[in-house]
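Heads up, the thing below is written out as structure tokens.
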Amino acid sequence: MISNAFSYHTPETLEEALAMLEDGGGKILAGGMSLIPLMKLRLASPESVVDLRRIPGLKAITEEGGAVRIGAMATHHEIEISPVIRGKCPLLGEAASAIGDIQVRNMGTIGGSVAHADPAADYPAALVALEARIRLRSANGERTVEASEFFVDAFTTAMEAGEIVVAIEVKEEEASEGFKYEKVAHPASGFPVVGVAVRVKKSGAGIAMARIGVTGMGPHAFRARNAEALLEGGAGAAAAAAVVGEGEETNSDLYASGEYRRHLARVHAGRAIAAALTRAL
Amino acid sequence: MKQTLTLTINGKSYSDEVEPRLLLIHYLREVAGLTGPHIGCETSICGACTVMLDGMAVKSCTMFAVQAEGRSVLTIEGLAQNGKLDPLQEAFWNEHALQCGFCTPGMIMTARQLLADNPSPSEQEIRHGLEGNLCRCTGYQHIVNAVKAVAKAGGA
Amino acid sequence: MKIGGTYAVPFVPERAFELLQDPAVLCRCMPGCESLTKTGDGEYAMQMKMALAAISGKFDGKVRITESQAPTQFRLAVEGAGKIGFMKGSGLLTISPSGAGSNVQYDGDVQVGGTIASVGQRLVETTAKMLIKRFFDKLGAET
Amino acid sequence: MATTITKPETLFGKRVRRQEDPRLITGTALYLDDLKMPGMHHACVVRSPHAAAKIRGIDTSAARALPGVAAIFTGADVTGLGAVPCAASIPGLRVPHHHLLAQDRVYYVGHPVAVVVGTDRYIARDAAELVEVDYEPTAAVADPEKALAAGAPAVHPEWPDNVAFNFHQEGGDTEEAFRQADVVVRQRITSQRLIPTSIETRGVIAEWRAGERSLTLHSSTQIPHLLRTLVAGILGMPENLLRVITPEVGGGFGSKLNVYAEEALMAYIAMKINKPVKWVESRRENFQATIHGRGHVDYFELAALRDGTILGLKLKLIQDLGAYHQLLTPVIPTLSVLMMPGLYRFKNVNADVVGVFTNCVPTDAYRGAGRPEATHGIERMVDMLAQELKMDPAEIRLKNFVHADEFPYGTATGLTYDSGDYAKPLHKAMAEAGYEQLRREQAAARAEGRLVGIGLSTYGEICALGPSIALPAGGWESATVKVEPSGKVTVLTGASPHGQGEETTFAQIVADELGVPMDDVLVVHGDTAVVQYGIGTFGSRGTAVGGSALYYALQDLKAKMKKFGAMMLGTEQVNFSGGYCVDEATGKSVTFAEMAVAAYHAKKLPANTEPGLVATHFWEPPNFTFPFGAHLVVTEVDRETGAIEIKRYVCVDDIGRIINPLIVDGQVHGGVAQGLGQALWEQAVYDESGQLVSGELTDYALPRASRMPWIESSHTETPSPVNPLGVKGVGEAGTIGCSPAVVNSVVDALSPLGVRHIDMPLTPEKIWKLIEGARA
């Protein structure tokens, strides 16, 4: 388990990093939790590796004007313990703390995770439920992409060649919102077989706002808009959960078939909705 | 292709010419001559290679040595001070928290962060905190006991 | 592993059949295909460069077309081997008219070996489906 | 001379912390990969990615051209060497010639094809990728039942039926038993392939000293002496020029109870290149090329009377052998047959075993080795019978147990159970769990629609392997005790422990027998140049057989020391105890150290006595030992998802007398974890084309801390009469007792839905489908 040889670079600025990517043979190294295993298996053999860790400011988690900005190089552990995250978008913190194990959370970064777009990553469920935006930078400048449009297919995102994820931007969850990330972990890899992230806001006896993100079930994370609409339209949690994943493609592997994954997504959506409602004020 | 790597391991500074692809675990074992961190799986699952990097537990088989440039690594060899065992080492011994011992150095390093983050963990919190370390011998129960014992005695 | 599905293409069956037998079209549509060279009747040598997220690998392989019954069906067999493993796929493609275009239904088997099989089982089906989808998406864009 | 003597507290039965731990907890223990030799080269093995293929050619030119590559070896280089050995002697056994490297065909994914040797492991790895092997894939078969079907691909073309052997054993009159039966329950039960997965993989360093024509092989093995004999045989070199050293071994569980191609290959390569060479297995290789365990498909039929009395058992056992026989491959299912009667009195057993070749890595001994499969089968069948007869599973067991006054008890399969009181651990487990209360709670939970199950297993096992007649290469064990001139004590044991803690338990035995402090005792093992021949540690034999050999060596040594003591005190009436020899009449004494000095200085010797204080004993056990116990598991199944929660795990194991309860607890916990692994998570999966798709720890699920229940472990102690220590063995108890208790519990939980059997592992999806099926 030894990777192929490569050249290693630690640019000091984003501009420098972008320039290094120009010839196409380079890969960005953030925490390395996805890239390094692939390189060791020789499934990935980049000619050069561009490590972002010396670029200042990419790690910061800040809050401004009702939005939280999470630097792409923030680690899962930094996110799970961040007071800003805990206070302003706790759903993301809950998803971060569900990732892998402490060693992986200490190294792995949110930018690396979203760029890799593993169909079984934890974050995307929360990010689509939070209506997060992914901030991308290229030689041509910056742009943002909605999370629900960012995850296009398995390992496929809306990023263009030469773009780097620089931050994730999330609107504050309102204090009255309830939230929950529910996960069924694969017994070996710890990846979610299915993960469901839910946000709800109550209005009297009804639900004023519902957001449901699902990961692991299909080739990419998605928002269960049909279920959200049912909840917001006054349907019960059970009725809403029952339509999660309708019309979506499913993954299957040795551990869980597509049919079972869809079923799990529904069961855990129901449980996550119930849990989120108990947390909502 | 080689580049200079300078870092601190167990308080001692090292500087060597290394290939970028050299894994940190191989640097620690083959270049720096340590025997505590072990290689058990290579897919970032088993945690036998766990060391602390700037105070945080990491899997040294899933890091290139060059990523540790300028940083500080603590391994199991750096725990005992002046021949006095660290409380976790002592507790692992007292509670029979190891059999073949191969996973032990990594397990202890992870437990160290676990207790640093949460000085009085519940049994479930201990078990979850050790999610990234596999032991094939003990069934984990004595390991849980060892971590509990250290927590009870006031920390690592 | 069994795999199957149906894709709509905006061509009448005769045209769809014709496109699917054309090595230049096949090469343009197969994700990562770098060259497809005729080696015999319905047989081609293929060079492929797969890239998916950080994963990349070169494959040398073969494409074989058999059981042709214009314009309704044929069997497409693709195999390739490279440093990261090998894969073999064979599928029966059935073309039927649907509105102004056609439906192409495929029913086949995919087999992988080597590193991809050892570490990638959770992704084999997802990836295979995605590549096939990309193939038909590109085919649909042919004129 | 001291006269006041206080006898030290005995250590037998004390929770003593381990002697071996200080080096392990400080990271200073030396495992195989920690060893470095001057000029050492590194080997990387090129392995087949195909389950079955012809090798048309191998092109090593590109690899050879890489700077730093010292040599490359392929099948042609080793054709003339011996084969990887199989020690089994089953009549009619078909034994394919197991070359060290593939010749013209490969038979499984991971089959070694070539070895590349480089100056460091990175170069060897790079070069291995440059070796071009031209394969012509052929049809493969990975499932033993499919391999038996007509028209299946032949694993070895010379044996188209894929049958390696048939083995039949019967006792009593099974046909008559079935004629008398009121009820017969039948079930197909599988025991899936498992991957032993010691956290340290295998590894070898071979060091050739050309001047001495001697070779030292460092190997992470459970059997250093057997390895020496067998590798010497493969290489055709004199055994006494080969030295095997086992460094610290990071777990084995049976997977290192073997002789592997790589061990002989590295020895051969070191001689060829005249440099030390190291090979360390990657985890992928460990999964693909180190033995797997289990791999059974069993068809059971159990006959009984309506009152629950079991009359007889029929079994058809299909053993997935893999492509070759490793050291004990074909023997393992015969151990299953021996254990078929379990703890029960029925005397009629009829078993047919068929050993089947498949295009998979060989199966062999993995923790329990044949006994977990048997116990799982019989304990499931007894539960099914109870379900059929609407009897309580505890009651049906109590009704059929061998009675406590019937020992030694001869079984239908020809064994003699040494001692036991089978009802005792069951009653104790039921009392500790609160069985009656649990059943009431279960009834209440069922009324609410919850799926709660209570499962039992009462297992027996064969340990302390074993009498030599039953083992291919001898079943004795050896010990040497040396009292050094300074009074320190060195023990050389032929058992080669690797995590079991014998450095401690043996020191406890020595301390008690000689009256010396434990810290004065050094237990040495795992070096054939230092330690007299031994068999090794496996089959729960380390303490029961190796410890007994030590006990007898200690008696010899004590007798000799007593002679020196008597001579020094000038009387015949002496007592040796507590580290002193005491004149019974006067109370005068000599110390242990004084006797040691006298024996080595030898200024004066007792009559007919040689100088020195060394005793060696080779002990042949008269029988196996038969531990037993009861495991009780409470589970709840999530009706919506099929997920299983273990709510209680209670086990009472009777492993004979207990020397160190701390170590015994550890063995039980670890054993249970591996049993739970099989019951719930672990499964080696080959796909139809023979690819091992559970190829890394990312797919093969080992038990984790967060998934393990709290294990409530206790014991009853029925001493074994087989050995002087009264111990039976504990290494495998937890594993054997666990899996049927878990499955019985989950089946019990689902029984209101009409479920009567589920094959392992009990994955949530499997359970969910059963629940859905019942709903439909």
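Order of writing sets the labels: A, B, C and D. Residues in every chain begin at 1.
As a working rule, a contact is a pair of C-beta atoms (placed from the backbone, for glycine too) under 8 Å apart; a residue touches a chain by one contact, two chains touch by 3 or more.
What you see is a predicted model; the values in this text were computed from it and never measured.
Of the two chain pairs examined here, C-D and B-D, it is B-D that is joined by more C-beta pairs in contact. Chain centres here are Cα means. That of chain C falls 48 Å from that of chain D. Separating the CA-averaged centres of chain B and chain D is a span of 29 Å. Mean C-alpha positions place chain A and chain D at a centre distance of 44 Å. Taken residue by residue, chain B touches two or more other chains at 19, 21, 42-43, 45, 131, 133, whereas all remaining positions touch fewer. Chain A has residues 1-2, 4, 39, 42, 186, 188-189, 254-255 in contact with two or more other chains. Residues of chain C in contact with at least two other chains: 83, 119, 121-122. Contacting chain pairs (ordered by label): A-B, A-C, A-D, B-D, C-D. If you check the complex, the residues on chain D that touch chain C are 49-50, 109, 129, 284, 287-288, 687, 689, 691-696, 698-699. Taken in their complex, chain A has these residues touching chain D: 1-2, 4, 42, 184, 186-189, 254-257, 260, 263-264, 267-268.
Considering their complex, residues 121-122, 125-126, 129, 282-284, 640-641, 643, 680-681, 685, 693-694, 697-702, 704, 707, 763-765, 768-769 of chain D touch chain A. Chain C meets chain D in the complex at residues 1, 83, 85-86, 111-114, 117-119, 121-122. If you check the complex, the residues on chain A that touch chain B are 1-8, 10, 29, 32-33, 36-37, 39-40, 49, 51, 53, 77, 81, 100-104, 106-107, 188-190.
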